[in-house]
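Each chain carries a letter (A, B, C and D) given by its place in the written order, and its residues are counted from 1.
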Amino acid sequence: MNIAKRLLATVAMVAGLGISSSHAADLEVTHWWTSGGESAAVAEFARLFNATGNRWVDSALAGSGTGANPVIISRILGGNPMGATQMNTGRDAEELIKAGLLTDLTDIAKEDGWYDFFADKTLLKPCEYEGKIYCVPINIHSWHWLWLSPKAFEKAGLPVPKDWNEYAADFGKLREAGVVPFGLAAGWPLNGIPQVLLAGVGGTDLWMKVYGDKDAATVRGPEFRKVAEAFAQIRDAVNPAEVVPQFADVANQIMQGTAAGNIHGDWIQGEFSLAGAVAGKDYDCIPGLGLNDRIEGGGDAFYFPKLPEGTDPAVIEAQKTLARLLVSKEAQLAFNLKKGSMPIRTDIDLSGANACMKKGLEILSSPDGLLPSGEVLLSSDTQQQLVDLNQEFFSDKSYALDDYIEAYAKIIEAAD
Amino acid sequence: MTALPATAPSAVVPSGPRPKRVAASRIVLYGILLVAALYYLLPLYVMVTTSLKGLPEIRLGNIFAPPLEVTFEPWVKAWTSACTGLTCKGLSPGFWNSVKITIPSTVLSVLIAAVNGYALVNWRFRGSEFFFTALIFGSFIPYQVMVYPLVLVTASLGIFGTLQAVILIHTIFGMPILTLLFRNYFASLPPELFKAARVDGAGFWRIFFQIMLPMSLPILAVAIILQVTGIWNDFLFGVIFAGTQNYPMTVQLNNIVNSTQGVREYNVNMAATILTGLVPLAVYFVSGRLFVRGIAAGAVKG
Amino acid sequence: MASVSIRDLAVRFGAVTVLQKLRLDIAEGEFIVLLGPSGCGKSTLLNAVAGLLDVSEGQVWIGGKNVTWEEPKDRGIGMVFQSYALYPSMSVRKNLSFGLRVAGLPKAEVEHRVARAAKILQIEPLLDRRPSQLSGGQRQRVAIGRALVRDVDVFLFDEPLSNLDAKLRTELRVEIKRLHQELGSTMIYVTHDQIEALTLADRVAVMSGGLIQQLATPKEIYRRPVNRFVAGFVGSPSMNFVEGRLSTTGGGVALEVGEGARVPLDGYVFATPPQDGRPATLGVRPEQLTLAAVEGGSRLPVVFNLVESMGADSLAWGRIAGALASMRVEPEEEVPTGRPVEIFFHPEHASLFDAKTGERL
Amino acid sequence: MAETSIDAAAAPPPSRFLYNLFRRNLSAKVAATPMVATVLVVFVGCTLWTVYYSFTNSRALPTGDFVGFAQYERLFAARRWNVSVRNLLLFGVLSLVLSMTIGFLLAVLMDQKIRLENTLRTIFLYPFALSAIVTGLVWQWIMNPTLGLQTTLRNLGWESFTFDWITNTDMVIYALVIADLWHKTGFVTVLMLAGLRSIDDEIWKAARVDGIPTWRTYLSIVLPMMRGVIITTLVIVGSAIVRLYDLVVALTDGGPGIASEVPAKYVINYMFSGGNLGQALAGSTIMLAAVLVFLIPWAIIEFRPKKER
């Protein structure tokens, strides 16, 4: 039987391999900012955090929401949490909060007076749960931006449109001039477009009825049909073979004038600034499709998972330091300039911001500039169903408008 | 003896070996094999040539054109400095992680599967056949069905997000097919061999280590190749169970290739892709023939 | 039925010559056995006749037709293999009829032939079974049936009985003999078992080194082996050999064996006149030796050391001039052991070979 | 299968049961514990856990309460799920039939004593050593209309050549099949070749003497004899098809739209991004049920009539 003992010993030795203890003040930070502009922005946070004596251990996860989310959630659930993690503010983290897996930041918020300097109090709402705050919003991203290429319109001999209706009307002429009327990247970049059309073409109250009250009748109504028609218009203007792999490629098309325009989040500015493009000259930006001066703001926030007992207290302290630093004036300025998103506080010197960011800040500073974010109003499950529907409708030209509207209504009916 | 016919049937009297007429079927045979070989080699050609081109040449030329001026810079960049998000250490950290994952997993899963196969054939106990059938059924259950509960199981064992977790998972999911191969192989050995050892009074483990294992070289080669290629190429378990500091090469590759660096460096991506595939390819080339012979012994009896 | 004629046939695999240029003419309906140790080329010759391998030189004629370049199926031959080679996934009936159906014979004809073959080989009850459900003997009968149904002119057997146990082997041997008598087809049978050769063959071709050493009736092969190889190979226990020198001086021809013994050879029919002093080997079969003196016979000095009883008769083992030798005796006969004695034989029954070339003198 | 344990009849009946359970073949049972544990905990345990939670409305965490078949109703109403199932069936049948036929044909061709057999076998088998992710990436570049084959041939003058399956909703599944065939047919070929080589040469001689043409011999005699290899290959290839995930993520990521979605991807997306565990586990259970529908008949044939073999 001694052979059996030897066998069991080898198994134990093999399994013991590879346990590594982590250095006291290191803080592992996971996020899915892997594009050029995005990594440059997060580098700013890292630089400032390292200046506090701690060490920012970067764990970037490719695949944005769909790729990174599973890993983040399963690591927290699995008891091997990271020091801090970026996540879209919204219902994703809700259940983790309910399960008590995330650190309560209320006292830091009170000490530093977040409620005073935050540009829009509603930004903190998604982080609140039963009166406590569990995350630090660090920027405001908005999908509701229309990006246009002055060069493309010049090539087509057309004036740069002021709003969505003018732009959509030019689709035909742009195509004849050999310009791609609407630049689109494959995969998730399509998912944000329907919301922008809903707020822009549909207007704020339609937005509130559909997303807020989840009123299916409105979806079957005439106003929503206009929104659906606009989406169908884009579908017909886009040739599947011209879909490019990444949103950064669309940014290049707009700068070179091969594509006339595109609806994408403001983080695309990171790619524009990386390539040295100048807002207003190399590219133009219209918030809310030029039809609605209120835009949906959602953003990224950092969550701080509860670390297992026995973790070095210096690491827990480092979590607090990072939380405070993220909302500091200096960090907000440095990060958002690079990222191209709007900061959560307006009491900072934003002279360095480009023309488009200034338009955004204008909307942000007006009292109810921000529409409540779809991420907060709708559960991830409903959002995923809408994504599947939009993807299918967009890729199948034979999918009738009425069927699309009916399917959309059913999802909204069952939404929770 | 009957008289031989006077006139020879045809001008040429058939004698000696049949003339090798280059049959149409022979040409067709080689033609089909050639086309099949091209189909198989095309991707490798694209990968290698693109990985040796500079970026400008890629953007202008087409991916099938051979490289005009060959540069190994993409390979160096893929190995040392390609960026996955902020950290730009290339694939090398991933490579060592893959090694740390693959070797223990292969050793453990092959050993356990060999013992299973041996026990199933020679030491049948009540229920052993049931468990074997359940194991084969298990190999059909899609991983996705079991990923979530396994996260909880490994978490409760406190090893989630560590090397042990991913090693355990690979051992579990490698077991069905390997046990099937070992069982078929041991079943094909002459039973007298085992009986003789029993008569000499050898116990379960002594027979296994001193007689059965040394004899199972062909099937051992097959099991090792299947496991090394399977584990090295795995992405799903690596990304979920290994933990970020233990990400295998495939996860790193996916980060590099999918990270939107603005301009996509196809040559670096392809170099990284080949680098990731090098180890399984090398293992396969080294023991290709053993693999085939082993497969014959293991699979054929099946 | 057809004659088979092999003309200057040679087979080479790369540098190795397996069959040297050899000629063999087999009459119609004759039962020829190719006998020889493994590696002597007998199977290669059979496969060459069957057309399963290309010959390097020479021709194969069957039924007066030059079939050297023909496909096996066009040569009118049927073959029975050592491993039976039945199609495991098909029933016996399908095994028998598959070749006919592929050739496109009408259904009725196929059924008729299968029934006839089944009756001849008494395998009617087995027709719907799978080969794996049959015994070795039954499988071999089905294999024979496969050739039978195709009304072939020539039957080829490639060591068909070597996988069977002794009792079954004799049973099937008799059956093949009966089949030959009943059908009268030409048959070429390859074996390394000399009893099969002697019992089945009309004529036996003893082969070695890719050459036919001797082609003759079994009796002729047994009685007058053409060289030492044939003599030693055929007959069990094998022929006794005594080395010595011929001596024609001192009245009559004799063989001087070591220790000065002279073995008189008068009565032995010499092919060529004996030369004095020529080294020669005397070959005497165990049953040709007797303890009792033989009138007009010759004598040999021997020392016996043991007696093996084989039931019907016994075998006495000893040494003649140092060489191992055996003598067949009646079970009850007393054999003096441990001391030199003399045993007797008729020279005209014995064989004499040139010590160097092994050729019969 | 030699039953070699010591005869237990000697021990008195009541303790015989205990004796059987523990003493007899003790080391065998100890050795088999990893297998038994895997079967019980992983395959049986996790599957039951999955099936149970598929009847709840749990979201990110398995905490939801019982809701009966609600998740299944929603599943079968979801267009993406139905498209995924249809895709997997179409892909599964095509991939299985084509890989087995092409694999067998290539093996037959290579069995004709050709000179470059070893080099060809290496060429056919090397893709199997690469991961599905690598396969997906390379074929995505080759089949990409703006980058790969289509542009190249058009530049070479063949203006009208179109090969845009990867971006065409009706044809994208066939693009998946091409990439998948490239990845695994070599393995099937090698298995089949091993099977062919294990056939006794005298069977071939007998068939040739019977006048059966080569192709007919392969079809009616050799193929039925390869039942063992074919079953093993089906087990290996079949179990991989059901798990199709990496290749889709790397080649098309389910696109264009949801045209190349597959059940495994639906499950992973809803389990994590969609944050709806209940719905994902319902999908997993249906995948499992589909697998069982194929497996049970096969298992009955394979394992029950043990005596006859």
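We adopt the following convention: a residue touches a chain if its C-beta (ideal position, glycine included) is under 8 Å from a C-beta of that chain, and two chains touch if they have at least 3 such contacts.
Fair warning: this is a prediction, and the values are worked out from it, not measured in the lab.
Note on connectivity: the fewest steps through touching chains from subunit A to subunit D is 1. Between the contact lists of subunit A and subunit B, the overlap consists of D.
Across the assembly, the chain pair joined by the most C-beta contact pairs is B-D. Set against the C-alpha centre of subunit A, every other chain centre is closer than that of C. Chain centres here are Cα means. That of subunit A falls 92 Å from that of subunit C. Averaged Cα coordinates give subunit B a centre that lies 54 Å from the centre of subunit C. Subunit C and subunit D have Cα centroids lying 57 Å from one another. Averaging Cα coordinates per chain places subunit B and subunit D 15 Å apart. Under the contact definition stated at the top, the residues of subunit D that touch 2 or more other chains are 27, 268, 271.
Of all residues in subunit A, those that touch two or more other chains are 1, 4, 70, 74, 77. Residues of subunit C in contact with at least two other chains: none. Chain pairs that touch one another are A-B, A-D, B-C, B-D, C-D.
Within the complex, the subunit C residues that touch subunit B are 3, 5, 25, 27-28, 54-59, 61, 64-69. Only residues 1-5, 20, 24-25, 27-29, 31-32, 34-36, 38-39, 41-47, 49-50, 62, 106, 109-110, 112, 114, 118, 120-135, 137-139, 141-142, 147-149, 151-152, 155, 182, 186, 190-191, 193-195, 197-198, 228-229, 231-233, 235-236, 238-239, 242-243, 245-246, 250, 263-264, 267-268, 271, 277, 280-281, 283-285, 287-288, 291-292, 294-295, 299, 303 of subunit D touch subunit B when the two sit together in their complex.
The touching residues of subunit C, counted against subunit D in their complex, run 47, 50, 52, 71-74, 77-79, 81-83, 85-90, 98-99, 102-103, 143, 146-147, 150.
The touching residues of subunit D, counted against subunit A in their complex, run 27, 30, 59-61, 63, 74, 78-80, 83, 145-146, 164, 167-169, 253-259, 268-276, 279. If you check the complex, the residues on subunit B that touch subunit D are 29-30, 32-33, 36-37, 39-44, 46-47, 50, 62-64, 112, 115-116, 118-126, 128-129, 131-150, 152-153, 171-172, 175, 177, 179-180, 184, 187, 191, 194-195, 198, 203-205, 208, 229, 232-236, 250, 253-254, 257, 266, 269-270, 273, 276-277, 280-281, 283-285, 288-289, 291-292, 295-296, 298-302.
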